[in-house]
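In the two complexes that follow, subunit A is the common piece, with subunit B as its partner first and subunit C second.
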Partner chain A sequence: MSSRRSRGEVLKWILFVWIGVIIWAAFFYAPAAAGFKGQSSRIVFFHVPIAWVATLAFLVSCVASIRYLRTRSMADDVRAEVASSLGLLFAILATVTGSIFARIMWGSYWNWDPRETSITFLLLIYAAYFALRAAVADPERRASLAAVYSILAFVTVPFLVFVVPRIYWSLHPDTIINAQAKIKMGSRMFEVLMGSLVGFSGLFVWLYTVACRIERIRRRRQQEVL
Partner chain B sequence: MWRFLAEAGAVFVKDLRTELRTRVAFNALGLFAITTLAAISYTIGPYRIAQADRPYLLSALLWIVIFFAAMAGLDRSFVKEEDSHTAALLRLSARPLVVWGGKLLFNFVVLELLMVILVPLYVVLMGFQVLSVGGLIWILLAGGYTLAVTTTIVAAIIARASSRGALFSVLSLPLLLPLLIFVIQGTRAVAEGSAQGAGSALRAVVSLGGVMTIVSIVLFPAVWNE
Partner chain C sequence: MKDPKRQRQLWYVIGGVLLIAFIAFGATSFKSNLTPYVSFGDAMSGHRQVQVAGELVRGSSSFVKGANELSFMIMNKHGEKMRVLYKGVKPGNFEDAKEIVVIGRYHNGAFYATQMLVKCPSKYQGLEKPGATSGS
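And now, the complex of A and B:
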């Protein structure tokens, strides 16, 4: 138990240092991209990994929901709920960082660009997931209905992320996974972006583990009170 | 397959009979659609939108009327079984997929009946010119089916929740937003006579409908037997 805890402490410090190095590299190692106003392109090292983590969190929620429907274990319901809440948090952060970029590049925080629209829809879908959870009193029924809704919600993600932005003309810069399947990025920028993706994924894993533990304790306390 | 269709048909006929007795869903959908159409026609009418904006704005308004009318009545399909305490009997007498199939067919038929009355009225009152009528029929059929399949599974979810109130709209609308974008885009394309635009929108609608059908078939038993 104590060796597991000390390993966790070490990993936490590695993550802390890693994120610190990424922040430094984003401003001092990678060059500013051509064709963007001032230093605005540097936001890609934070905005893209945040959006990636939001998608990863929704995927984790979907997988945990499938597992819940198979096993009926409340631990999976905890995982699904925590992953959805983290997904919602990271989706809000992706919206905020995207808005800051939009203000600098296009002069307005919000333009109803297809990608801005897609992320708004995602926020609404996962807000509805929590509205459903709040509307069902029985914990087991709440868990199974929320699991079904979480899977339905994740089904719409590919349509929102890949189809909607391709039906409408978009102001958004070309994505990393683009139609030509080519990486249009300098090697230094690419290295920092990949490092940031790893760092933010690690940050998600850490937050997810801690939040699952807190949620389990909260539910146990709630049961003891009842 | 034939047995499934016959049993689902029996559930559909049962629902149609009870609906014809009470007319709750017919009245809710029909009156909502007609009232909204009257309000739009009176306030905007056929001449207050610039010619260049007409295909897009009139397509958007048409689908907003259809979507909100659907929200007003399609939740009844499962809620009425719970309210009249017939859900347990239905669970004993029919397999989950048969119930899902019957309810889906009922919702689809109700929506298409609504469209048969609403769309010609809308075209006349709003002066909506559609260059490809055949294309519009395909969009209405595919859009109506995808709308029905999504609202059917959400109606099943909210019937099992304790506070139903506005939950149906809260859960359905975010899931339906990608569909709303695709059908508006498709209707605009058929109004302008653009076969390419209509084709890509129709493919997106059919894909979403197909995915929702498969996911609903897999998930419905978990909701129904909860």
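And now, the complex of A and C:
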């Protein structure tokens, strides 16, 4: 147990240093990209990994929900709930960073571009997940309804995150891995972006494990009170 | 008592059907509702405020400095052109713009834009001259 804890401690510090290096690299190692206003292209090193983490979190929630329906174990319900909440948090962050970028590059915080509309759908869909959870009092019923909903909700994610931006004309910059499956990015920028994707994924794993632990303790204490 | 295994299988089937129905519904209903950009034809026939996206026609723009009036043409995929008039401050990156979204209404042969959004041909490549970036 203690060796596991110290390993976690080491990983946490590695993550801390890694993210620190990425933030530094995003501003000082990678060059500003051509065609962008000023230094605004640097938001890509944060906006894209944030959006990726949101997608990853929704996937984790979907997998945990499928597991819950098979095992009926409350530990899986905790996983699904925590992953959904992190997904929603990161989706909100992606929306905010995107909106700031839109203001700088396009000239408007919000104009219902297909990208903006699709993220709104996504936010509403996962906000409804928590509304559903809040509406059901019985824990087991809540868990199974939420699990079914989470699976259904995830069906929309590939559409909203990957299909929509590739069908509609949008003001959004071209996706980095585009229809021709070619990476259109300078090598230094690509290195930083990849490093950031790894860093943010690590950040997600850390937040997820900590939040799961907290949620388990919270539920246990609630039961003790009852 | 019902056989729990059969009941479970039934639920899997119902779940699967719902999932497919949901995908189909999603795919069809999103298609028309997701984009705010209307075609040139729709913009010209209606009098509502709309958003129109198009390619900026090179060399078609002129700017009257005193009146703050910008005039240019945008072109759609079929090569049709539309004249746009915009009153206001010219966006800083207008000169580099490749594609433009104009928000406003059409009347009397031109599109009167109240707002303009600019899409620049941005690429995630460093600037040509490295010296140009180090001015922080």
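Please note the rule applied: the second predicted complex is superposed on the first by the 224 of 226 C-alpha atoms of A that agree within 3 Å, B and C clash if a C-alpha of one lies under 4 Å from a C-alpha of the other, contacts with A are read in each partner's own complex, and residues count from 1 in each chain.
Just so we're on the same page, contacts are C-beta pairs under 8 Å (C-beta built on N, C-alpha and C of every residue); 3 or more make two chains touch, one makes a residue touch a chain.
Predicted model only: the values in this text are computed from it and were never measured.
With the two structures aligned on subunit A, subunit B clashes with subunit C. Contacts of A:29 after superposition on the shared chain: neither subunit B nor subunit C is touched.
Of the two partner chains placed by superposition, A:206 touches none, neither subunit B nor subunit C. When both complexes are overlaid on chain A, the residue A:18 reaches neither subunit B nor subunit C. Using the contact criterion defined above for the overlaid structures, shared-chain residue A:107 touches subunit C, although it does not reach subunit B. When both complexes are overlaid on chain A, the residue A:156 reaches subunit B and subunit C alike. Of the two partner chains, neither subunit B nor subunit C is touched by A:130.
In the superposition on chain A, A:147 contacts subunit B only, with no contact to subunit C. Between subunit B and subunit C, the partner in contact with more residues of subunit A is C. In the superposition on chain A, the residues of subunit A contacting both subunit B and subunit C are 117, 121, 148, 151-152, 155-156, 159, 164, 168. Within the complex formed with subunit A, the residues of subunit C that make contact are 15, 18-19, 22-23, 26-27, 30, 33-37, 51, 53, 91-93, 96, 99, 101, 103, 115-128, 130, 133, 136.
Note for the complex: subunit B touches subunit A at residues 150, 153-154, 157, 160-164, 167, 170-171, 173-175, 177-178, 181-182, 185, 200-201, 204, 207-208, 211-212, 215, 219, 222-223, 226.
Partner subunit C is touched in their complex by these residues of subunit A: 31-37, 39, 41, 44, 105-108, 111-114, 117-118, 121, 148, 151-152, 155-156, 159, 164, 168-169, 171, 173, 176, 184-186, 188-190.
Residue ranges of subunit A in contact with subunit B, taken from their complex: 69, 117, 121, 124-125, 127-128, 131-132, 135-138, 141, 144-145, 147-149, 151-153, 155-156, 159-160, 163-164, 167-168.
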